[in-house]
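Have a look at this one before I ask anything.
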Amino acid sequence: MSDPETHWQTAITEIRPNEIRLRGYRIDELMGRVTFAQAIYLALTGALPSPEVGRLLDAILVSSIDHGATPPSTLAARAAASTGAPLNAAVAAGVLSINRHHGGAIEDCMGLLRRVIEIAGGAGGALDQAADQVVAEARAAGRRLPGFGHRLHTADPRTARLFALADEAGVAGRGVGSVRAVAQALAAQSGRALPVNVDGAIAAILLDLGIAPGLANAFFIMARVPGLVAQAYEEQTRERPMRAIDPTGAAYDGPAPRALEDA
Amino acid sequence: MSDPETHWQTAITEIRPNEIRLRGYRIDELMGRVTFAQAIYLALTGALPSPEVGRLLDAILVSSIDHGATPPSTLAARAAASTGAPLNAAVAAGVLSINRHHGGAIEDCMGLLRRVIEIAGGAGGALDQAADQVVAEARAAGRRLPGFGHRLHTADPRTARLFALADEAGVAGRGVGSVRAVAQALAAQSGRALPVNVDGAIAAILLDLGIAPGLANAFFIMARVPGLVAQAYEEQTRERPMRAIDPTGAAYDGPAPRALEDA
Amino acid sequence: MSDPETHWQTAITEIRPNEIRLRGYRIDELMGRVTFAQAIYLALTGALPSPEVGRLLDAILVSSIDHGATPPSTLAARAAASTGAPLNAAVAAGVLSINRHHGGAIEDCMGLLRRVIEIAGGAGGALDQAADQVVAEARAAGRRLPGFGHRLHTADPRTARLFALADEAGVAGRGVGSVRAVAQALAAQSGRALPVNVDGAIAAILLDLGIAPGLANAFFIMARVPGLVAQAYEEQTRERPMRAIDPTGAAYDGPAPRALEDA
Amino acid sequence: MSDPETHWQTAITEIRPNEIRLRGYRIDELMGRVTFAQAIYLALTGALPSPEVGRLLDAILVSSIDHGATPPSTLAARAAASTGAPLNAAVAAGVLSINRHHGGAIEDCMGLLRRVIEIAGGAGGALDQAADQVVAEARAAGRRLPGFGHRLHTADPRTARLFALADEAGVAGRGVGSVRAVAQALAAQSGRALPVNVDGAIAAILLDLGIAPGLANAFFIMARVPGLVAQAYEEQTRERPMRAIDPTGAAYDGPAPRALEDA
């Protein structure tokens, strides 16, 4: 290839005969020594995270792996699968249904938190006051705050767990601080609890991990793809083709509640 | 919902207020205690794998996370991204390019290995003879055997690593045995080495893990989605829109070779 | 570009400065002189159809432009749109839901009719007998015949219209003959009418037009894309985001029945 | 279905046994009497256009049906097809590559023209002055104007044809007037011709037809889908799987230049 017009550069993967390097590391050396979650972070940022951060990333990805039959991404994947689509097409239909209103709260909340942090100023600036201001502005404008409240979960169990793991990993910083400050400001100004949901928690932690907001939606996508596979595969193997799928009509008939200790 | 026509069942996820259970386990209990790879296996099969099997699954997913600029899935994702597509659309375009001829060798090889195992009969049956027969048939019919040989890698470094990890995890069984038997039969009959490639190694291990062949392609998809994200994001952030992308025109300019010990 | 590896040929469109030719014809010369339907046939086959055949193609495309809220392709497109997807992503999700069980009957029926014609032999061979044989075989094997019967329409109004237009255009040949023969054989053998549906009628006409069966699904896709656009756009502009879409829950509230004379 | 939550309305298609109505018209009555282009307009807007407007719409759709091997949407569709994707998946990959920088100029140009018309005020307001102002602003801000100029075509042959047909159909109004005014202002201020390209011409005409800008991209998608089918089908039937596709490496080897009179 000597045409200068079509020369280009990439900093992700280097391929030579019998040698594949991801961001400089041999892929066969990574295999068995880092988790998929660590490799994902490496692929996206160029840096290999510590095992503790890896564990936090694993938890983020696990937190969003599936949310049952009602999300539109599940519905789109099942609708495609019910017509005879192969798994990759069903997954693609699901991924195309992850947008502003479904998964997008992570990126929107990152923007909100960045604004709070910016107003608060340097590392020592008070987040509480900045959060108060941002919440007051949003309330005056009648805007909902992304990352807070949930249609179904009044206390999203995934949020507390993510915060605990972020603390353990020593990752919780201005991101987690600002999301907590906004939750407090919201409660104080509105008089009712509107707790941080899983999107808000992920947003805060991704900020503290230095992830670009433009990649936020990708974390939700990567987390949800296995769930979409499971949903589409269940549709393929359990349902008759071309049924009318009412997303609110599903009843759970899987394994009974069990604890990890039983495993 | 009382319309019987729209009632249906799902065994994947159960949602109640403040309680999300994946295959019976509380998702917040899984977070921080199992890896994403383990959760993927749980979502797809209903069973939680041991940490050792989890580590093997992590390695499978890491092995296929990216393969540089030339695969068609990369090209499709970058082509979409170069027009201004959001990440989910670029990823979907990439996922739609994972089919029979790209990723599909895993499922095809699983079919081949199942046939070898079937011919060999019960657990004690000799795989060598069965492999000889299947290879001879394929050669007579002029069929290529999926999972063997590679355009670029004469000794795929990912294969040896996967086999070693499968041995460590105590997973290697008739699947790994049969793929090795086919490689030997191929070498003996053709007189030249056509070693097991990464697809063949994954096929063998998925068989030994009891994964349905219909899910084989999904493993490749789940593994590659982060790579597609990285490729599409690099296109978005590094290249001008609407360039003509020659997949063979890329040069690597990322981090220099480095070893895990440096990390 | 001098790399022989990346040289390739295309017979569709030739681009020169200020000159765009589709299959040899200047696109600006085609504009205003042939319909979109004629240009579609030209793009796919390389031959420009007569205005009469063009009118038949227009009718085929109009026949399948939309089928309301219940088809899975509509559901997938609306599910994507309800999350904030741009129109192209919503349309793509819909297109991914056009497969074997939805639209695919056209290709399957073409295969069936080709078999009838083959059995009947040369132009003079009796289609009735061949149809009898093929229907008897299918009934013995418990196979449904693609292109016959409809869940809702006992006499699909689109079928009669397509046959009439095919007759007018002088197109109806062995394809239309064979689909009619199969319908008669079906009725005779089963004792109940299972008339040709719109897929069967399109299959017969595409055969008579010399379209390759591998393009059959594409005709359905091209016809349905505007319907998917209309459905996704209505979702975007009329519904709140992230609603649970029950495909059987829609009531029509558009223009009252009207006749073309009123236009 | 009696659950009020899942009740919803649609104004597009009404289905009853043996009766399918698009925006109030029986589909079998439309077939053979209106073109696909007219039916598309009906599906999207609810109104049936005159045959003259239908002919203009046909010309718009024909103008954008294909643009050869280099557009990213072609590349994505071919990349998918080269891996063994079915046509619908290849088309979807192509559709996902129609965005802001590819096709999107139509919508952007509609916004620009609306601004010119708004500044000009009522029907009698001078478009020239408004165009001068808008062009001067864009030049001061260093913004390119969408719908003007072309990488390859210095005088896009599709533009003149579209304008002539719009004049014939009596459609050309403030939209066509404003795009011409902007072209003149551009030439006057920059000292070099940057003529209206096909996107600009379509934008102007869609405005004059009363099409919502939110549907602009859809017109490009509907027009291009048959081209994507042709490209993907050629890839399937003419090329070996998994080739490296260099979009600039294609040579045309189809029918020699021919005129419509020869048809």
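Letters A, B, C and D mark the chains as written, and numbering starts fresh at 1 in each.
Just so we're on the same page, contacts are C-beta pairs under 8 Å (C-beta built on N, C-alpha and C of every residue); 3 or more make two chains touch, one makes a residue touch a chain.
The shown structure was predicted, so the numbers you read here are calculated from the model rather than taken from an experiment.
The minimum number of touch steps separating subunit B from subunit D is 1. Rounded to the nearest 5, the angle that brings the Cα atoms of subunit A onto subunit D is 180°. Comparing mean CA positions across the assembly, the chain most remote from subunit D is B.
Same-residue interface: subunit A and subunit C share over half of the residue numbers found at their contact.
A separation of 36 Å divides the Cα centre of subunit B from that of subunit C. Taking each chain's centre as the average of its CA atoms, subunit A and subunit C sit 40 Å apart. Centre-to-centre spacing of subunit A and subunit B amounts to 22 Å, using the average Cα coordinate of each chain. Residue numbers of subunit A whose C-beta contacts span two or more other chains: 1, 3, 5-6, 70, 86, 88-89, 92-93, 96, 98-99, 244-246, 248-249. Contacts from subunit A toward subunit B in the complex involve residues 1, 3, 5-15, 17-37, 39-40, 43-44, 46, 48, 55-59, 61-63, 65-70, 86-89, 91-93, 95-96, 98-99, 152-158, 160-162, 164-165, 168, 214-215, 217-218, 221-223, 225-227, 229-231, 233-234, 236-239, 243-246, 248-260, 263.
Every residue of subunit C that touches subunit B in the complex is listed here, in rising order: 3, 5-6, 86, 88-89, 92, 96, 246, 248.
Those residues of subunit B that touch subunit D in the shared complex are 1-3, 6, 70, 72-73, 75-76, 79-80, 82-85, 89-90, 92-93, 96-104, 241-242, 244-249.
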